[in-house]
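Quick heads-up: structures coming right below.
Look at the two complexes coming up: subunit A is in both, with subunit B in one and subunit C in the other.
On to the complex of A and B.
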């Protein structure tokens, strides 16, 4: 989130798209309600009439997989009707920048397209992005036209690109009545007025598509042109699904990064530390060598010296994509022999989950760490599986509950909050911290005693957190310290690239800067302010509650909304309710030139070379879709890797005529491993069901409670149906398209059991992130008689 | 149906009900339930809800090392005491009520170190020391057998492609940081978790 939960209260218009806040983040509805109480309006964009839709002022139905057409339509409406925030656009975005003359777009493809080997026997489009760039003069200065009239300026190119997304066309693609769409566009684009703030919230209903990252980008563009970024009540607000998925991402439990969003060293791009540093992007990222060298010092302490490039070669360098879907494929191919699955349950949560369970049998060993028996650890116990045929050794290590251990977690608003151990873990249960510490020490002991291949990174690792590892000691290392004095750092601005500082994750600097009273443990509510509660816990970075907050005021330093000033220039300094995301020592007109400090231009990028599919978002249909792409001849994202070509259903065959989408319930959580073992919750929501419309039910002769088999090209499962008018068919592309809503909380382990519905979901992912396309695929249902 | 005070308390099962009824004058009967007051002698420890990412504050009431009650933290600025169906059931992850209404540890918890040998049809119970040593040996063998120190261009790459590590958004920042540190020190490149799902 660029903003935070409490800040929702300041929104004039909230767009809830691709998430169901009332169901999945129920308590936060209080802040949406607070905004509504103040006259704010809530728009809910969703394929189903959800609990959030029931609370909304305007419900916009949308065919699964067409968010990008919808969002592009919103952008087009704002441009066409001149509802953009002009002063914001010119000063804080790259709208006026002139673009390379060679850049062009035609029939769904941008300039620079090349068909390349995808590394697994197929082909995909990999763009040469050199034309996705600015024009500059001989001195390297980017050319711009603040009148926004030059046909090569970003603004004019946008107008050209988005022209195809008029609301009539969008209505036909997404299956929403034109009048509803017009009302939605008019309402949300009303936040283009300088004093108004619009908030867009999203979750997996935006990201779980082959074009999920472009969905997010379209949201960011819409918010930038309406002037909604960096302001109370505005922002792009990803509602994260798990209590610490923000923190686990910050700590880089992801193949492509290391802590603090730095890229993992790549054998082709970063053969040396010098090469790594040379790829630092502009803007504040120019400081990346300081963050990187400090991380290496935190990892290898005295063994990381200027002479050995701070032990840079102790870090592995990556060769190819190692995402969840990719790893699962490599497991099937036999490349992966051992797996550690820590509080993660891919046997239920992964796409085409049955294949994952089957591939698990190819492992030599599997370690699972959990609080209950999960399906991943018990894949050999699945009904119908003969354990005698499975040679995999499996270890299941008993972990402590969250309330039985201490440490910090980071919520969606980036608030790092401390949890204290309340109870004592039963039996042999231990905290995850204890387990990973002991496991590392056991591995280190093995290398110490027996030697082995390249043991240095293990033996020389800076790893001493006490006999029973202390989370406070780990926290201080993450926070960062002066390597000469041991003094804790209060800000990442103190980090150096000369080995004099160490920090495990630069963006967390300051969260544990005081051993006695660390900032993440603070519990002081604000008595005056805008709801930022700066002394409650600690928000990364540097306790900043609203990102890009220079944009909350105009270039002269006057708050866009005088009634809600986050920053207001008083003639000699700033009156403020947040930590500046800009150089506050400068005069307002000067800091306004660098309002987005993380980009090299200092501006929001409406046109960017950062995405693999193109500088502007373009609508493609999901991998499996009942309709041909209405806006170009390119059917689905040409940059997505097709991992399993045979997994794709041919719509024309008629075997899978329905669109499926997946979602969750308030009473259960993710793969259900925790909640399916909590009797109170099992009692309230005891079993799996799928939701269908009354019209589809009539077609198949079904009533609520009837059992159906839901099948896709990849598998099938059986469940009772719930026939509900909350699900309706869509009229799109001249067809009537019916939808099946699938819950996915169940599995064969635990107190409440049920089929694993992700067996039917496809293993294809977003072209940038490889997040699977769970939200839109083809299926069929048949009544069980 | 006639519900006695004891049954009512058992059914309602909240400290709030107990205090309210005490307060409105069922003094005589309340005496009989005094020892059953759940929060008696309990101290408060704060935690953050482990489910979604709103980050609601929860108070754990602890007596003799046991969590006896959990409820929304009214001082917390985000949830102001409110919790959803999952958050308000937090205690149930640790304890369930037996037929007599007494809290007993959730029987579904894994409380021992479990091992399943190749071809095995069931778990075997092992001790931590054996498990840690054996897992370390497996990691070491797989790593040493597959470790790549240089690529074909002579670039030091120091990785093993043969071990995958997933997890986890359910673990604390400090735990995830150690996962990252450990995995990279081993040369792992197949690192991911449910943030990519």
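On to the complex of A and C.
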């Protein structure tokens, strides 16, 4: 999140899109209700009427997979009706910048498109992004036109690009009545007024598409043109699913990054440390060599020296795509011999999960670390599977529950909060730290004894957290220290690239700077302020609660909303309720030129070269869709890798005429390990069901409780139906499109059992992030008689 | 001081934290439920479910509405259960909540049968009535009820009745000002005031609440006619129960004898 949970209370309009906040993040409703008590409005955009919709002021139905058309429609509405925040647009975004004359867009494709080998026998579009750039003068200064009238300025190109997304067209794509869409656009775009703040909150209903990252990008653009970034009550707010999923991504629990959101070094692009440093982008990222060298010092301590490039060669380099989908495929190809599945249950949670289970059988060994014996650990005894035919050796390491161990969790608002163990784990269960510490030491001992091809990265690893590994010692390493004195760092501004500092995650510097009273253990409520509670825990970076907060005030330093001043220039300095995200020593007009400190331009990028699909978001249909793309002849994201071409259903065949989407419930959590074993929760939601509309039910002669088989090109499962008016068909593209809503919490292990519904979901991912497209695909239902 | 719980249905999102917290505090076992075609589960209050969230869907001119109710003992001032109880086992506590004294209760089931909200359930295993206790055990120790404690949005709040009535009335007024003419404060006058106050956004029936809850004529007559004769009633019932017990004991004996006569009974007994 750019903002944080408590800050929701300041929103004038909140848009819940691709998210079911009441059901999946119930505590968020406390702050949403506070905003509503002040007169704030909640919009719920969702394919079905959820418990969030029941709490909302406006419900906007949307056909699965068309969020981008919707968001582009919102942008177009703001541009067309001049509801944008002009002063913000000119000063804090790149709207006035002039774009390369060679840049162009035609029929769904941007300039620079090249058809390339995708590495797995197919082809995909890979753009040459050189034309996605600015015009500059001889001195390298970017040209701009603050009148916004130059036809090559970003603003005019935007107007041209989004013109196709008028609400009438969008209505026909997404299947939402025009009047509802108009009401939604008028309500949300009312936050373009300088004193108003609008918040867009999202989750996996935005990201889990072949164009998921572009969805997020469209949200960012909409928030930037309405002047909603960097302000109390505004922001782009990704609600993370699990309490510490923010912490896990901060620590690089993703294949494409290393801690602190630095790119994972690649064999081809970064063979040396020098090559890695040379790719540092501009803005504050110019300091990346300091963060990187400090990370290497944290990893290899005294063995990381200027002479050996701080042991850069010890760090594994990525060779090819290593996403979830790719890894499973390599496993199936026999390329991967062993897997450690840590608090992960891909046998239920992965796309086309049956294939994942099948591929698991190709492994020599599998380690499952979980609080219960999950489906991944028991894939060999799934009903219908013969254990005698499986040679995989499976190890189950029982883990402690999060309440049974010390450590920090980082919430969606980036607040790092230390927690203490509330109890001791039962039996042989141990904390993750205990397990990983023992595991590492055993591996190191094995290398010590047996040697190996390349033992140094393991043998020379800086690994000493005590006999019984202490989470405080890990925390101090993450926080960072002076390698000469051992003194803990208080800010990432202290990091150096000369080996004099070490830090496990640069953005966390300062959260554990004091061994006795670390900032993340503080619990002091503010007595005055805007709800940022700066002395409650610690927010990365450097305890900043609202990112890009220079934008909360105008260039002269006056808060856009005088009633809610985050920063106010008093003539000689700033009156402030947050840690500045700018150089506060400068005069307001000067710091206003660098309001988005992480970008090279110092401005929000309405036009950007950072995405693989193009500088502006463009609507494509999901991989499997009942409709042809209405806005161009390019049917689906041309930059996505198609891993399994045969998995795609042909809509025209008529075999799979329904649209499916998958989602979660309040009562169960993810693959169900924490909840399907809890009788009180099982009682509330005892079994799997799928939701359909009364019209679809009538077509198939179904009433609530009847059993159906839900099938897709990839598999099928059986479940009872919930026939409800909360699900409705969509009128889109001249067709009536029916939807099947699928829950996915169940599996064959645990107290409450049920079929694995992700067996029907496709293994295709977003072109930027490879997150699978769980949220929109084709299916069919048939009544079980 | 009279205590109440204010349930603001405009803030309830049916997360059911209260329902689970009730089970956890009172250590009530889970029901073995099945999917019944709705999100609502367990399907009714029972000896192991003292409160539950109800779900009702309705198609209206303004689209679909989804109403979340909160079903449990209302802790009425004019409590039918208290009125009909032949032995005075049901009484109001110092906090104004309705409590059952199981030392006095004879398990006649009249309270459950006469409850206008149908929220007392009769446990056939123990022959005792069960219901929401308002967490009187927590109150007595200075804690708020478990449901109010668990509610993440402030939809369930606990406090002094006077304060809650003020707060509830203000909220209803503000809902009405926003154009919801159906908004009401339920429980203010119903049965001379119920311990559970509801801010309703729509008609009570959408929340499984009767429009006009009353103590039935039958219950009043029973109370009026028989209360003076209560001691005799108790005696008569005691006699009935004793004879019932005799009969059932004989029946049990007969069953046991039959079991013993079955072939193989000896082995299974080992």
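Throughout what follows, the second predicted complex is superposed on the first by the 785 of 785 C-alpha atoms of A that agree within 3 Å, B and C clash if a C-alpha of one lies under 4 Å from a C-alpha of the other, contacts with A are read in each partner's own complex, and residues count from 1 in each chain.
Here, a residue touches a chain if its C-beta (ideal position, glycine included) is under 8 Å from a C-beta of that chain, and two chains touch if they have at least 3 such contacts.
Keep in mind the model is a prediction, meaning the values are calculated, not measured.
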item: Touching partner for A:27 - first (subunit B), second (subunit C), both, neither; value: both
item: Touched partner set for A:584, first subunit B, second subunit C, both or neither; value: neither
item: Subunit B versus subunit C, judged by how many residues of subunit A each one touches; value: B
item: Subunit B versus subunit C as contact partner of A:634, first or second or both or neither; value: neither
item: Which superposed partner A:720 touches (first subunit B, second subunit C, both, neither); value: second
item: Which of subunit B and subunit C A:120 touches, first, second, both or neither; value: neither
item: First, second, both or neither for A:318, with subunit B first and subunit C second; value: first
item: Touching partner for A:597 - first (subunit B), second (subunit C), both, neither; value: neither
item: Subunit B versus subunit C as contact partner of A:655, first or second or both or neither; value: neither
item: Partner chain in contact with A:667 - subunit B first, subunit C second, else both or neither; value: both
item: Doubly contacted subunit A residues - partners subunit C and subunit B; value: 26-27, 30, 666-667, 679-681, 684
item: In the complex with subunit A, residue positions of subunit B that touch it; value: 45-58, 60, 62, 65-67, 70, 75, 77-80, 82-87, 89-90, 92-94, 96, 105-106, 108-121, 123, 127-128, 131-140, 142-147, 149, 151, 153, 155-182, 184-197
item: In the complex, subunit C residues that touch subunit A; value: 11, 13-17, 19-20, 23-24, 29-39, 41-42, 57, 59, 63-66, 68, 152-154
item: Touching residues on subunit A, where the partner in the complex is subunit C; value: 22-23, 26-27, 29-30, 33, 49, 51-55, 59, 666-667, 679-689, 703-705, 720, 722-726
